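Below are structures written as structure tokens.
Same chain, two partners: subunit A is paired with subunit B first, then with subunit C.
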Partner chain A sequence: MFAELNSILNSSPESFKQGEFILVSDRQTDASFLIHHFLSFYLRGCKVCFLGLVQSFSHYSAVSQRLGVSLNQAREKGQLVFLEGLKESLGVLLQGDTSNGTPALDFLRDPSSGLRGLYDFVHGNIRGSEGRAEDWGPPVLMVDDLSVVLSLGVSVGAVLDFSHYCRATFCSELQGTMVILVRCEAEEEEEESDEGSERLQRGLTHQCSLTLQVQGLPTGYCRDIHGEVEVCWRGRCDGLQIQRKLFQYKVCDKGTLFFARGTSSAVL
Partner chain B sequence: PATTATEVSVGKSTGDRLSCNTTSFQKKSRSKLVSIPGTRPSVQNGQLIVSTGVTSLDYVIGGGLAVGTLLLIEEDRYDSYSRMLLKYFLAEGVVCGHELYVASAQDHPSDIIQELPSPILDDIASPKPVESQTKPCDPEGPDTMSIAWRYQNLPKVQTALASSSRFGHYYDVSKTMDPEICQAARCHGFYLPEHSATVSPMPEAYVALLKNLQEVIHREGFDGSLPQTKSRNVLRIGLHSLGSALWGDDLCCRDNPSHGHALTTLLYGLRALLRSSLSVALVTVPSHLIQNKALMGRITRLCDTAVALESFRGSERETNPLYKDYHGLLNVCQVPHLNCLVCDLPDNKDLAFKLKRKQFTIERLHLPPDLSETVSRVSHGGLAGAAMLGSSGCGSAGNKHLDF
Partner chain C sequence: MLLEVLQGTEAGGFILLQDTVSYSGRHLLKSYISTALKREEEVVHVLGFEACEKEFRDGLDRTNAQRLHFHNAYSDPLGWTGNSAFTVHQFTLEDVSTLIKQTPQAKAVTLVIDSLSWILRHHDPAAVCQRLQALKKGGAVRTVIVLVHTDMHQRGTVGSIRHLATSVVTVAPGTRGLGAVAKTTRRTKSGKLMQDEETFSINEDLSVTIHSKLSHPGHTHVNTDETEVDPTANLTFNLRLSDTERQAKEKLALPFVFSKEKKSALLQPGPGSGRILYEPDANDDYDQEDPDDDLDI
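Moving on, here comes the complex of A and B:
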């Protein structure tokens, strides 16, 4: 959990806004440090369903250890439901049409079928503990990262359907939170803006309530400033209110420093 | 204790530990550390790393290649230097005693193994890894030592390949590796023409490769499936020119490939395999043929470390005096940070490489000092121009028309 980011977002583990859909996106850089932040943030008191599609459980566990949260304990207590995409995927990819693997990763077998299986998995894991839901507070869904399913053949429309269903369940119905990471590759100025991950990012930006867009410095590579984060609050009740803030950041071993543009300790 | 990118559990069973301890003090578990020859824990985050075979490449990607990760090499135009890097990678595996897995659609894996460069060792080593055998051609061994007599009875320095514990070796590319050394290494090959009889719809070649790889990993126990008595080893996987037309893929031929996600699915499956076994992979991809930059971006995201080579051969830069010391440019596109938030980022991203007979060097690209008033830097292309702008105070190297 990064203290500076908490103050930027005006939230703390004790009091944060309900029903938020937070979209973390990056362009030619790596925004996964924000996922680690949100994971350790929400594990302070909520039940979290984490779809780890690109890294192993031990990776998140090792980083969270440094941030002060034990994922193993959370998983044993039932506070954390972790889907290890990599581990489950091998069975589906290699066995082909036998239906032994988790139905959650059915899209690997047949990409045109969409992410219905994944949604059922998520839905089942949150609903399943309905009786004990009061123990943990509002449920949280985290996905790292959603754009990898585009590389596995799923269409943008199917992914947007998935996020819409999840938003209806988590944010509107259960007043929980959703945090999704998408990664874009193309430069924004290119004409190829019809590319899959761009469309996905635009579609999700339309659905969400808070975006954090991470990209590299426009002036080039710098060792002391790793990039910029643009935080954008999209007003919900009065749709015209959109508030933006821009920060630069530097990722350290046990946290991340956020500072206003030009105020990095390397510069001052 | 050091962590690995994989989840294979290694270490002594508790029974062993209890029986040999007379005190309750237990040394901080070095025993949990997998001690495989040719690997060492990284100084940055304790991960188990292996050498890529090129010591300067190891330095540039953060010390070495972490076990359980994938290194992507974007090929240069004629696939000469990327092929060289693949051979260095495999040669390092032979020297360290790792097992090899080579897959290619173009050359037979055994041909690739025979062409590996020969390692440069300190003394003349005998290929037979028997430690008790005295070296016949040891040039400095006196019969009795008169000054250092205390060392008389100690064993001589081991130079046999079997006990090579150095991290990173040097190779002589003008000679090929001794066939006896090659044969000592266990090698599994996947030659595409032998596996697929028909020109099948595209994904099958990749599925066949993934299945074969998983079979080998499982059979040889790299994923922890064999009992603990077998000593641990690392599998080095070299996949040559994935995505090229020879694999049945049309990524390089068309702007809108018909199976755009076949290679990316393979890379995803490969990542799953690597994370769950003691193996490390090097993949070369002819990225200069792939028109779709976003697709190349996705391929890079699915790999852990990514390095792009651009050789000067055949381009106008070959005769450019700025680049006369080098054979090409090297770009580190991506460095992973596994099990930690941040990795050690390099100082400088302008790197160039040169393949010398005994070393593949990677250096920071820099301009030679401007020593003369009349030196004219003829600028070919944008890079030279940008480099000139970056150099400090070279006022005379500019426009000749400005004459004060």
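Moving on, here comes the complex of A and C:
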């Protein structure tokens, strides 16, 4: 986990806000470094259900090793429930009609059925540990990344229904946390298309309580500054409705440096 | 005008609250509910799809809270977990009327939908409009107030809902950090349309404070201190006109302007203009009638 990001978000593994829905979105860059941060952050004390739809388990394991967390150990202890989307999807796609694969990835067989199977999988895994709930803190759901199902034929409405149900279960009922990554593609047409990652991102932003929007620098690629992160707290309490903060970042070998705009060490 | 809409008690009212990702309209919605609850014997029914009951009741005055009936459509709106209080498919005139009949002793009922965007995702927009119109005209409900996220739908869908509304309030973040901006459009029963744009903020007790009115938003950028520079000054030649010169200039008839004198000169042939003599041949079909007779010049 990145210490600077913790201070920006005013949270630490011992004390963080309950019931948060954190949306990480990126545009023309890769925000998965934030997923690694949150994974190692929450594995310090919570039970995590991770839906890894775009990378293999060994990928996250290797990166988390550098951040000081062992995913293998966590999985063995039962602290981490990992859905390896890429591996399971082979089972679903190659075996055809036989229902050997988990029903979680049923949307691969029939995209119009939506993500109800995925929700049932998540719901079952959290409920299943009811007896040992006191071992870990409030449950955490992480998804990397949710926008990939759009290219598999699932509609934006179905994805928003899934995220709504997850939020109702994880954030409101169990007071846990949700972290979802969506990747937006730059839309070429001027008119808003009905089914698109932009619409999904807007819909999820309406539902969430904290967004981290990552973008590349508008001026292009830079060796010392990899991009900008805009952190928005969507007000649940009275006072200023939305609080925004903008930072620039640089991804390093064992962490990420965050600094205010224009104060990169390469510039000063 | 925002305060008038918030405090309005006309029957058959339909208030549409439009918001976007940059500013959430839910606080203003709660503000409206708080105002409605302060009125005696008024009951508010909420179809809550997007916020849980705890979050919704947070900040509302506890003394009036029992007159707020929250119908939980947040935990299970599609029936996936099997313990739903209200599903999105129950958004019909019969089911909503059943909900409202739970409080028969109320003097006036306000129905709040948070949010209509959820319903529009699962139902055909035309059907939603029909049901909303039925609720509005039905008589069981005095006012319907609805929250819509305009950036989640096509313009046509939002436009159809707008047509049903008697008042439309669009909220957006304020430009100078003073609060938020609300554009209000009100349509009276006689069909008169009134519009207003105000900066507002919501206090802790959910009351609304109006900061300023921007009734002519386009004019705020005009700089009235600008002095005009006279281009005819400081030249080595004279560009100014004396009075006689100006009169002569105004009297001058421009060559290609079609004035009344020119028109009458053209229509009546003057002396000395050419005459046309026509001797019809045996094969010619000579019609004495003037073909231009019906022209009205």
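In this text, the second predicted complex is superposed on the first by the 257 of 268 C-alpha atoms of A that agree within 3 Å, B and C clash if a C-alpha of one lies under 4 Å from a C-alpha of the other, contacts with A are read in each partner's own complex, and residues count from 1 in each chain.
Throughout what follows, contacts are C-beta pairs under 8 Å (C-beta built on N, C-alpha and C of every residue); 3 or more make two chains touch, one makes a residue touch a chain.
Keep in mind that what you see is a predicted model, and the values were worked out from it rather than measured.
Partners subunit B and subunit C fit side by side in the overlay (superposition on subunit A). In the superposition on chain A, contact of A:267 is made with neither subunit B nor subunit C.
Contact with subunit B, but none with subunit C, is seen for A:62 once the two complexes are overlaid on the shared chain. Superposing both complexes on chain A places the Cα centres of subunit B and subunit C at an angle of 110° as seen from the Cα centre of subunit A, in steps of 10.
In the superposition on chain A, A:3 makes contact with neither subunit B nor subunit C.
By the touch criterion defined above, A:234 lies against subunit C but remains apart from subunit B after alignment on the C-alpha atoms of chain A.
Once the two complexes are overlaid on the shared chain, A:151 sits against subunit B while remaining clear of subunit C. In the superposition on chain A, A:202 makes contact with subunit C only, not with subunit B.
Once the two complexes are laid over each other on the shared chain, residue contacts for A:253 go to subunit B alone; subunit C is not touched. Comparing subunit C and subunit B on the residues of subunit A they touch gives the larger count to B. In the superposed model, A:86 lies in contact with subunit B only, and not with subunit C. No C-alpha atom of subunit B lies closer than 18 Å to any C-alpha atom of subunit C in the overlay.
192 are the residues of subunit A that lie in the contact sets of both subunit B and subunit C, per the superposition on chain A.
Subunit C meets subunit A in the complex at residues 21-24, 27, 50, 52, 54-55, 58-59, 74-78, 80-81, 117, 121-122, 149, 151-152, 154, 173, 180, 202-204, 206. Considering their complex, residues 28, 30, 33, 36, 54-59, 62-63, 66, 86-87, 89-90, 93-94, 108, 111, 148, 150-153, 183, 185-186, 190, 192, 195-197, 221, 223, 226, 251-256 of subunit A touch subunit B. Residues 116, 119-120, 123, 157, 160-161, 164-165, 168, 172-173, 192, 194, 199, 202-203, 205-207, 234-236, 238, 241-242 of subunit A touch subunit C in their complex.
Within the complex, the subunit B residues that touch subunit A are 3, 5-7, 207, 210-211, 214, 260-261, 264-265, 268-269, 271-273, 275-276, 293-294, 296-298, 300-302, 337-342, 345, 347, 349.
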